[in-house]
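Each of the two complexes below includes chain A, the first together with chain B, the second together with chain C.
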Partner chain A sequence: MLVFTLRRLSLFIFTMLLLTLLSFSLNFLFPGETIINLTGAINATPSQLIELNDAYQTHRNIFWQYITYLSHIINGDLGLSMASQSDISTEIVTLLPATIELSLVALFIAMFIGIPLGFLAAIKHNKFTDNLILSLSMLGYSIPVFWLGLLAILTFSISLGWFPSAGQISLLFEIKSVTGIQFIDILLSDSPYKWQAFIDATAHIILPACVIAVAPATIFIRLARTSMIEVLETSYIRAASAKGLTFQQIIFRHAIRNSLIKIIRHVGLQFANLVTIAMVTEVIFSWPGIGRWLIESIYQRDYTAIESGLLVLSCFIFIVHILTDFIYAALNPLARGNKYGAR
Partner chain B sequence: MARDKIYLEEIFPSPFMQLWLIFRKTPVAMLGFSCFLFLIVLAIFGPLLAPHSPVEGQLDMLLLPPAWHIDGNVSYLLGTDELGRDMLSRLMYGTSLTFGLSFIVVIISLVIGVIIGSLSALTSGLKSSFLNHFLDVILSIPSLLLAIIIVAILGPSIGNTVWAVVLVLIPQFIHITRYAVKEESRKDYVLASRLDGASPFRILYYSIFPNITDRIMGQATLAQSAAILDIATLGFLGLGAQVPLPEWGATLANGLDLFYIAPWTVYLPGLAILFAVVATNLVGEGIRHALKVRKER
Partner chain C sequence: MNLLDIRNLSIELIHDEQNILAVDKVSLSMKEGEVRGLVGESGSGKSLLAQALVGVLDDKWHVHADRFHWRGIDLLRLSIEERKALLSRDIAMIFQEPMACLDPTTAIGEQLTEAIDSGQLSGFFWQRKQQRQAAAIKLLHKVGIKNHRSCLASYPHQLTEALCQRVMIAMALARRPILLIADEPTAAMENTNEGQIFRLLASLNQLKNMSILLISHDLENITYWTNTITVMYSGQFVEAGTTTQIFSKPLHPYTRALVDSSPSANLHLPAKSRLKTLPGSIPLLQHLPIGCRLGPRCPRAQQACVKAPSVTNFHGHKVSCHFPLTPLKSPPKKIIKGAC
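Here is the complex of A and B:
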């Protein structure tokens, strides 16, 4: 496990270096002056500009500029937003939790719907149920997410009026931001209308989370189906049925556990996909998250915000990726020996 | 006793032909394939077949519902939008933008990706490990996010969208080619031709490539469905095709304000995207199924 941890750590550091290098080089690629792209200080006076040039050491060679850039990032200084002239790191700290909340809820919905359906399809392999589930999953990952979101708003918020169509919570409720994650904040607050606020927040999250969950759920169906089919063909399942265990006992005691492990490995990979879908969905549902903020900063040509947004989002995805790798390795001893990139 | 064949000659079809023979036997895959061909034909000849201009509107024909509706007009089969532009013509032109461009995108990134991938499969050691890590980093960034960043650098337009999606798709092709070439070169027939004294490039070209084309094709269909969705999403977000262009995603975004009055301006482009992606995915499923069947033989 130690070797495994070290390998993951080295991969993590390498990736972070590459990502920061990428966002650093974006400053040169974006139109406009590098120092202004870097800091976002569009209204800076000449004397302020000299100070900024000094702070980012632009007179030294590119290597030292990169090192200073890194030290700025480590200190949490991502510059100012060109559009609003507010500090980007504080903006991100307030926006990122909303995205995390939305994508985690969507991930859980996708897993709770996708995995059992996949198992069901595998158990009924090559029968009607299997074909039905497979065709549904094919349809699910072919639907463009923005269209699905619009249809969902039209049916569930406008025609049926079951769920609100936009935002994170009704403006009537004043919830103080402590952790940034809405549900925890509501539970922590001492407002007398705590439960109403909680129900309202739940109603707001259901629609966008379900829209995001559709595509990952279909992939979980496929993963669960293939891994269950593989497990059902192994010799220990045959041994279990030779011992006289009933089919249910075999499925619940042996098959599900062993096939779940294989699925967990792919959760991290799916997460990147899910965050992209979440970005588009945030725009449609006016969810106050980082995806909508990033797309709006593209409209406004806010290069400093684009660059920092990219850095933060991809770091977040990569951290989730590595976390799932750890969970997988902790659950499955066989995986720890596998060297990274060995084959 | 009738004998069809006088000479007992056995025919060994090439790997690609074997795949086609299996593929042909799956009706669903063939259905997807014919839809795919239909879309290609429409992408090439759509502009010639379209009954009206996609950008010029008829001001006396605003927001006409589709022809089956009671207020519909049969010469505007799928209705018109808020500027009186014929939806059917817009969708037909849109086929060559969304579907046709995604096809071109996939071919460009396939060629570049396969070249880099097979060259990198010939290297080993530190260089190879570096490339592997580098690809992992690129693949861990969501494709749409990367495309959005590239568009942000280049500025929004349909041409820049194409380059962005090409760049985004290349790493996938490098990855799969590298993996497939490495796997094949461990096999005995490659060893045999190496013992015959063939150079690495000769082995790559004559021995390995014919055996990995099918796998790359499978990846290409996946890439194509991703490309359609990416181009349409960028168009929807206003970062891809600009206003008068009848790209499907942009047409859909255009109809957004009139969603409640004229829902067909949103339903139809969405259905077109869905149709194109489903057709592509059916072909991809067919190829993967055929690969599996061939492997089991």
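Here is the complex of A and C:
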């Protein structure tokens, strides 16, 4: 297990190195001066520029420039936003948790709805239920997310008035930011209206999270269905039924775990897709997350913000990917332990 | 009384255009404590027959029989659930490729304990787990695995094929079956392991009076372990009798060819000459010949063979052929006029 962890960690480090290399090279590719692209200091005086050049060691060769760039990133210095001249790292620290919250909630909704539905479709293979679930998933997959988001706002917030249409929480509640993740902050706060705030935040997150979850959920339905059908045809399922286990026992003890193994790796892959959908949805629902911020900075040609946003988002996606790998290893005894007949 | 008595069991593959009759009217009967071999080339439907007996075929196969008696109980009159419950209590099955038949993500211990019927356990529910564990260890000892602790904790991919097959046998024994169906239990196994598995099955037969239906494509190899043998070809019943009958006096041309094709029957052959075999190969399921399916390959085939022969019984030696090799009585004369 230690070797497995070390392998994942080294993969993480090397991928991050490549990503920083990419974002570093973007400084040269974007129009404008490199040092200004790096720092975002568009209004710097000549003396400040000299200081910045010194800090980023522009007089030395490109390798040392990259090393100093790396050390700046590791120290949490991502430069200033070109548009607002505020520190990017503090902005990201306030914005990223909202996106993490939204995308994780959406991922869980997609998994808890998609995977059981897919299993159900596989168990009722070639029957009415199967066809119904499949056609629903086809429908859900083909709906564009911005249209679905607007439609959801129209029906559920304007016509029916069940859920609020925008924002993360009602402005009435004052929650001190401790961890950045709103739900945890609410639970940690000692406000007398803690539970009202919690309910309000839940109502705010339901609509955008569901809109994000639709497309991944349909993919999970298909993945779960195919993997369950495959597993149900294997000889160990047949052997288990010859052993005298009931169908329910077979499904719950053997089939689900084996088909989850096949799905769980795709969950990591689908997460990148989900974050992209979340960025669009954040704009529609005015969710104060990093996706909306990133799209705005693209509009404003805020190069420093684009670079750092790219770095941070891909880092987040990669961490989730590694986490799913760990879940995969926990479920699958073949993935952990020695390979290649090492013993 | 027969333990198992099946008459005219057919298995059909449900297909879009045309249903395929994969097993055509096969009869099989077994006595208590008997070891019966079920022999045939691969693709002759013997595994299908075994899986139909245990009831693990999926929906695309359609099974029907004229008679299906288990220890005097007419199973055809029972509902599907009752039949399944009765059969899974009394009949156990082990498969070829034992490693593929064990759930790769579950430890052996868990898979073995879940096979133990809770009806065998006494005591309160908090004692059940320990009792199951103890029963699992006992089962492993029965099949000759001494190192039970590491075996229970390991996963199927960590064990060898032979060990996996022993575990499968232990699972099959968990329900104390009366009949054990062994579907090529030693396929893809080395000779020493093969011998171990067969010896284990033989000792179970002798000590526990457990009947065994041993399925194999290798006629020569299983003669040592069986009392009686049934031969199948391409889903049809060929011949059944005691092992000596089948070996020394085969009545069916196919059995004769099967016996002749083994190297030990051809010891007198000069070196590097060809073994005696039937021309051609077993027909595909999509292109089954009508009548006796051996027809196109049979050296004794005549016009009558376009109709499937009925089973003739010569003192317990049953054969399904129009022109058996050494008939004890006068051969049945059935000449079909105008058959084409």
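For this structure, a couple of remarks:
In this text, the second predicted complex is superposed on the first by the 332 of 343 C-alpha atoms of A that agree within 3 Å, B and C clash if a C-alpha of one lies under 4 Å from a C-alpha of the other, contacts with A are read in each partner's own complex, and residues count from 1 in each chain.
Everything below uses one rule, namely that contacts are C-beta pairs under 8 Å (C-beta built on N, C-alpha and C of every residue); 3 or more make two chains touch, one makes a residue touch a chain.
As the structure is a prediction and not an experimental result, all values here were calculated from the model.
If you put the two complexes together on chain A, you find that chain B and chain C both fit without a clash. Of the two partner chains, neither chain B nor chain C is touched by A:A44.
Of the two partner chains placed by superposition, only chain B is touched by A:L154; chain C is not. By the touch criterion stated above, A:L104 is placed in contact with neither chain B nor chain C. Look at A:V275: by the touch rule set out above, it reaches chain B but stays clear of chain C.
Contact with chain C, but none with chain B, is seen for A:Q249 once the two complexes are overlaid on the shared chain.
When the shared chain is aligned, no partner comes close enough to touch A:L52: not chain B, not chain C. Legend: residue contacts after superposition of the two complexes on their common chain; A:H321 is shown touching chain B, with no touch to chain C. For chain A, the partner touching the most residues, choosing from chain B and chain C, is B. In the superposed model, A:N332 lies in contact with chain C only, and not with chain B. Superposition on chain A leaves chain B and chain C with their closest Cα atoms 12 Å from each other. Judged by the document's definition of touching, no chain A residue lies at the interface with chain B and also at the interface with chain C. Considering their complex, residues 51, 54, 56, 58, 88-89, 92-93, 95, 97, 100-107, 114-115, 117, 155, 157, 168, 171-172, 174-175 of chain C touch chain A. Residues 129, 132-134, 136-137, 140-145, 148-149, 151-153, 182, 225, 229, 232-233, 236-239, 249, 252, 256, 259-260, 263, 266, 270, 273-274, 277-278, 281-282, 285 of chain B touch chain A in their complex. Those residues of chain A that touch chain C in the complex are listed here as 233-236, 238-245, 249, 253-254, 257-258, 261, 331-334.
Across the interface of their complex, chain B is touched by residues 11, 14-15, 18-19, 26, 29-30, 138-139, 141-147, 150-151, 154, 158, 272-273, 275-276, 279-280, 283, 294-295, 298-299, 301, 303, 306, 310, 313-314, 317-318, 321, 341, 343 of chain A.
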